[in-house]
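Read through the structure below, which is laid out as structure tokens, and then see the notes.
Every chain is named by a letter (A, B, C, D and E) in the order it is written, and numbering of its residues begins at 1.
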Amino acid sequence: MQEGRPLIDWVWISSNPDDILERVLQHIQLTALPLVLGFLISLALAIWALRQPRIYTPVIALTGLLYTVPSLAAFAVLRPIFGLSLLTAIIPLTTYTLLILFRNIVAGFQSVPPDVLEAAEAMGYTRRQRLWRVQIPLAVPLTIAGVRLAAVTVIGLATVASILGDAFGGLGQFITEGLQQLFPTKYLMGAALSVALAYLAHVLFVRLEKAVTPWATARARGIG
Amino acid sequence: MVAPVGRAANPGRTLNRVTSHGGNAATVEFDHVTKHYDAVEGKNGTPGAVNGLSLKVPAGKICVLVGPSGCGKTTSLKMVNRLIEPTSGRILLDGVDASSRDVIELRRGIGYVIQQVGLFPHQTIEENVATVPRLLGWDQSRRMTRASELMALVGLDPGKYARRYPSQLSGGERQRVGVARALAADPPIMLMDEPFGAVDPIVRERLQNEFLRLQEDLAKTILFVTHDIDEAIKMGDLVAVFQLGGTVAQFGTPAEILSQPASDFVTRFVGSDRGLKRLSLFRVSDVALETVPTARVGDPVAPALAKLASHPFEYLLILDHENRPLGWAHRERLLLIEKITPDLANPSSPVLDRRTTLKDALSQLLEADVQAGLVADRNGALRGVLTVDRIADFARLQSISPLAQDGLDED
Amino acid sequence: GGGAAGTDDPTVRIGSDNFYESRLMAEIYALVLEDAGYTVERSFGLGSRQERAPAFEDGQIDLVPEYVGSGLGYYDATQITGDGETNRERLATVLADKGITVFGITPGEDTNAAVVRQATADELGLSSMSDLAAVQADLRWGLPPDCDENPLCKGALEQYGITYPPAERESLAACDVPIAEALNGDAIDFAWLCSTQPAIVQYGFVVLEDDLDTQPAENIAPLVRNDFLEQLSDADAFQALLDGASAGMTTEELTRLGVEVSVNQREVDEVAREWLEAQGLLGD
Amino acid sequence: MSEVIAWFSDPSNWQGSTGVPVRLWEHVWISAVSVAVATVIALPVGLYTGHTGRFAGVAINLANIGRAIPSYAVLVMVLPISLSLAPVLGYSPNLGLSFIPTFTAMVLLAIPPILVNAHAGLQAVDRDLIEAARAMGLKEREILGQVELPIAMTVIVGGFRTAVLNVIATATIGAIVSFGGLGRFIIDGRLRGVAGIPELISGAILVTVLAVTVDLLLGGLQRRITPDGVKIAEGQSFELPKPALSPAS
Amino acid sequence: MVAPVGRAANPGRTLNRVTSHGGNAATVEFDHVTKHYDAVEGKNGTPGAVNGLSLKVPAGKICVLVGPSGCGKTTSLKMVNRLIEPTSGRILLDGVDASSRDVIELRRGIGYVIQQVGLFPHQTIEENVATVPRLLGWDQSRRMTRASELMALVGLDPGKYARRYPSQLSGGERQRVGVARALAADPPIMLMDEPFGAVDPIVRERLQNEFLRLQEDLAKTILFVTHDIDEAIKMGDLVAVFQLGGTVAQFGTPAEILSQPASDFVTRFVGSDRGLKRLSLFRVSDVALETVPTARVGDPVAPALAKLASHPFEYLLILDHENRPLGWAHRERLLLIEKITPDLANPSSPVLDRRTTLKDALSQLLEADVQAGLVADRNGALRGVLTVDRIADFARLQSISPLAQDGLDED
């Protein structure tokens, strides 16, 4: 660290807005793709588990297993296979979302009150109608809570993708570069921006949850 | 012979207006229906949740299934819309075996109301009510019209409630929405499982009355589950008393159940004040009234005194010019005067409406100074006097030959 | 722009390892090529040599700056020498089989440097690596995790009479930030750094002379895939551009630019462009 | 694959200070210490906010967002600080080099799930029950200890499990700052490129096996620590196991 | 003058055995107590959940707080054990201001039973019951003894239930455990908030009776919340009818409330069969019985016929040798014989126990062929005859001067 240089170098920040924006967008991409993919996979698994409760435990075990694979190792193993493509970064990040998303989606479906399901059945909803018009909408709050949690987690994890190369660096790139340059502004900003992004995602999903569940009472929603 | 009242507690009701197959209603018949639950993980199966149930509900009638907890009421109900399939036996709807019909289409033609209401929390009241019409593919505007209509029918202002969510309603309001939703596609049959069980007694009473008033016009065939015998008597054209083990201890009109309990179990179940409960099935208009000595304001006293002399009663009932009763005057107060004046009248008797139930009438009489109820017609003119004795006599006659009294139309 | 590039010339996919100096050289080559009208795609920061080399050999990138000593050592450690040009030729021979050409080297080099704190040097009287054997037991050694299999590490230490592995050893990647910090923070007494690493200047570390010449010459040269070169309209002009850029890069310049990036915390692309302009290597 | 098997069957990988047993022990040790310290920090906070409802929004939001703090960044950011504090505070610089940065990163990683679950577990306890307890003259401390904690224990241990899982998987990064543990195999493997991949995969397998084993053990603990009455009550209302990882927070 | 019955529906009960300060009981007094809730996040505060409540409950009595939903019953209750602190006013327990006492110690001396029961799911029944003794530091064996004792007291076999968990009990059993737990430390005061609200009517009736029987021995001071007026009348020595806005519409004995409702609200709240409800407060033994012509089996017929001649009644009541009534014989059947034989007796009248409530007695009379109830003493010997008219007369007298009839001991 050079003498006299402030911990946070505002000049650098203000003179590199494009760089910062590019990295932020990259980070968002690194987070959003795994989230979407992970969500689709988890939803399918959850629907399957609801029809076939037996698979719940094995799926939890498997997704739990994937969750514990150290990310450094996952990236390193996948790189020779998938090369420098985005897939190498996306696959491990996706697998990390599965445990959280699957559990929450299932919990969401389970939170549908049995009397509501029975009423739907008694009114002559077909299985499909019941799924799409009753179960899925009512599973939304817990599902979004899961997506929110997964988003925050992946935003943190995505910083590790920078080991794959600058192209997948996202905000992790600032951390890597900042350390190589012994430039606190950079690595602090990398960390701070990823936390800020997490906060934004948090707020976004909390808002989204409110917006798509106008029926929920404030109490049912709880905190966090 | 006295014309019986199916359910007199709701004075506005005229049961007989509903003709057997009039309106949109269907017969429901249980034909030796049995349901055994399979043993599920750890739990024992129930040997017979319902055992050989045979029961025929005429179209347009309310049949109440009543009994202690766990006796198979809900199970019986759910077999009608095939939420549960019977182990054996058939359920016939208008003579057609329910099991032969497409289950989705069958259910859309059967309204279903449950204690927990089961409203869709994510849909507005309007959307909830229009659920079955939507399933049936009605267009938007027709659905919304229907929803408004039904909300008005169950006493909810559509302007105020249409856009609310169930969580924004009180328990009583939710129950009404539940009823409206079940009625949406004008189903010939309604199944109601303790629909008013979760609301407080005051609200429950109101909902019961409102529902009976509705049913007057709707004339659906209704299976109604409750474990409250008073509710059963009040709501039912027919009552099936279930006992543990899923059998019917007695099936009949409320009057039959109250006057001739078929077993000790039924006797205990209907309770120790059975005699009084039975009085609530009849109305003042069902009793032959007594005549008492009367005189109009302005009449000379002498003939009135003469009437009194030939009567065991010591009071004269004073009427106004339109024959409306003003009150009683003791014989002795008449001795010194010439003309009947209004100030002689002591209004210490209850005035009874002809549609008051005998139970309420008796209650009012017991509290009165002069235990003779003045019964007036629509214009307030005296029709006669009801005494405790008359009620007692009536009750005695009824209990001697209750079946002869029972005029419920059979199909 | 100079205009050496033909209109049909393919995009140049330039890679680099994940540390500033490799990025810097890659950026210099990229800027020169862009200036000449080539289209460049940057895939920098691909990790260590071990991680980057497979990607390069697979053809996922076309060009990468390489240290001729370590680069040769990666394929055949027995061939390395203390002379840059020799190393380049041998590396070129090795890589010819793999369809890779080695362009001209920089005059400057960045060798592996055995480094101690000034205080340690003063106290124990250390100035060259030969001095280490006598005090080896008193030192806490910061060695890269792969030292065991690396003749330039384990082999070199043993040449200096140091018993391997030393009693007190921390596993820290060479030339990296943590190892420099650890040395500065007195968690270790000996570290393998790179000779141009700014931390040496910054923290006033003493570079011990490699008096037995165990470390190879580490001049830098661009490695280019032949299948890429074949697609160029003028491969000679292409090489001339890069050789021209390499020619100006002396050890002093490498060190100075390293300080610019790591101590003055300037952006690599900015420093690279500034240097090229100062060298007069950019068209305008 | 066969190379991975070969790695596992090579006795040299099982011996000495760089062998699997030592690395495993180091890994378990750092994980245990970090989670223990995180528990000491997070549990009281979560119990406080959960019991009183006070500061809940702040604490839970912070904890939730804290999940996004990159452990790697924490590690290298702490490194210079912990090294420079060594002479000041008088601890060994070696601690400052490897243990303190790894430990700090792991503690920060473990805090959010423990805190959030402790909070959510207490919040989920039926309010009537707490009122009944209060009405019987239980002091707030007794309500917490005798009513809320036993009932919330499943959820609380669930958060602990998540923390342990996260920490075991992530403690590998300690190898970057010369900390031992199973991360050594992964980091060293990476440095050795293609040749190191068997070692790297072996390391990853060891980490995963460790994590899953510990998780199963904790699952057993969780079941054991859940009061029988609560188990029976839940058995009556749940078909599938409840999510322990993310209690809808 | 007739001795009134505090709650006659529970025939085994003798209220007056409890002396005012006898047993372990305390007076509870509300002294101008008001509670305003603060507005909380979004919700409006309630201007006055309870408004200027003044009420004095003598030691050892059950005071029922009854009223519609939201009228402040629960709030009032919770201020006694300071789960809620009043905005103003004082609550005095045995004359001591509750707010001046240590809140923990105060609560340990007040039993608390709620509708949701609030049993600890993680503790066995035994542990649940022994909660307060544990807090009080009793040793293990004393706690367990006490728990067994209490479980037996509320009718749960300790051997069977002690080690079970709440989730393994039925709703009714759980309520009993709730009561046992509240009684554990023999607190002088019990607060019960709709304790029987969640169980079905049959179980509720049983729990009510059991509890009244318990209270006979325990003689706690009890505040009991319900919204069911029938329960209030049955359980209360005193009833406070609350109305919305948190004020007391009427405070008095059940008899007062029923015979002299203080306002329209109370009238509507107690319901249209108030007169009959009031009858349930009295017992057959409270009514002056009629004497009718009787004859023993074996007696000569002639004197009996003579008695009948001087009596408006046309039936002779035939008794056995121990004066136990056998049945009625019409005058005409006596004309052709000489001695009274048992086969003359037609047993078509109900036999009434002296402890039967008048309401049930009336109900039985109404159903009978001969509407004259035979009232016997303990040995079955005839005490007299109860007719519908007698009950009617009794009711009229009661409603003329109900207050004079009311002999509930005051402190």
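We adopt the following convention: contacts are C-beta pairs under 8 Å (C-beta built on N, C-alpha and C of every residue); 3 or more make two chains touch, one makes a residue touch a chain.
Bear in mind the structure is a predicted one, so any value in this text is a computation, not a measurement.
A.B. asks: If we look at subunit D and subunit E, which chains touch each of them?
C.D. replies: Touches both subunit D and subunit E: nothing.
A.B. asks: Counting one step per pair of touching chains, how far is subunit E from subunit A at the shortest?
C.D. replies: The least step count works out to 2.
A.B. asks: Determine, using the mean of C-alpha atoms as each chain's centre, which chain is farthest from subunit D.
C.D. replies: Comparing chain centres, B lies farthest from subunit D.
A.B. asks: Could you tell me the distance, in whole angstrom, between the mean C-alpha positions of subunit C and subunit E?
C.D. replies: 97
A.B. asks: Using CA atom averages as chain centres, what separation in Å is found between subunit B and subunit D?
C.D. replies: 63
A.B. asks: Distance from the CA centroid of subunit B to that of subunit E, rounded to the nearest Å?
C.D. replies: 29
A.B. asks: Roughly how many whole angstrom separate the Cα centroids of subunit A and subunit D?
C.D. replies: Roughly 20 Å separates the two chain centres.
A.B. asks: Scan subunit B for residues touching two or more other chains and write them down.
C.D. replies: If we look for residues of subunit B contacting two or more partner chains, we find none.
A.B. asks: If you look at subunit D, which of its residues touch at least two other chains?
C.D. replies: 76, 80, 187, 190, 194
A.B. asks: Name the residues of subunit C that each touch 2 or more other chains.
C.D. replies: 47, 51, 54, 177
A.B. asks: By the document's touch rule, what are all the touching chain pairs in this structure?
C.D. replies: Applying the touch criterion to every chain pair yields A-B, A-C, A-D, B-E, C-D, D-E.
A.B. asks: Can you list the residues on subunit A that touch subunit C in the complex?
C.D. replies: Within the complex, subunit A contacts subunit C at residues 2, 5, 9, 12, 16, 19, 76, 79-80, 83-84, 162-167, 169, 173, 176-177, 179-183, 185-186.
A.B. asks: Note which residues of subunit E are touching subunit D in the complex, please.
C.D. replies: Where subunit E meets subunit D, its residues are 78, 81, 83, 104-110, 112, 114, 116-124, 131-132, 135, 165-168, 181-182, 191.
A.B. asks: Which subunit D residues qualify as touching subunit C in the complex?
C.D. replies: Residues of subunit D touching subunit C: 76, 79-80, 83-84, 86-87, 93-94, 96-98, 175-178, 184, 187-188, 190-196.
A.B. asks: If we count contacts the way the header does, which residues on subunit A are in touch with subunit D in the complex?
C.D. replies: Listed in rising order, the residues are 1, 49, 53, 56-57, 60-61, 64-65, 67-74, 76-77, 80, 99-100, 103-104, 106-107, 110, 141-142, 145-146, 148-149, 152-153, 155-157, 159-160, 172, 175, 179, 184, 187-188, 190-191, 194-195, 197-199, 202, 222-224.
A.B. asks: Taking the touch rule as given, give the residues of subunit C at its contact with subunit A in the complex, in rising order.
C.D. replies: Its residues touching subunit A are 15, 18-20, 23, 42-47, 51, 54-55, 58, 60-61, 177, 199, 202, 261-265, 267.
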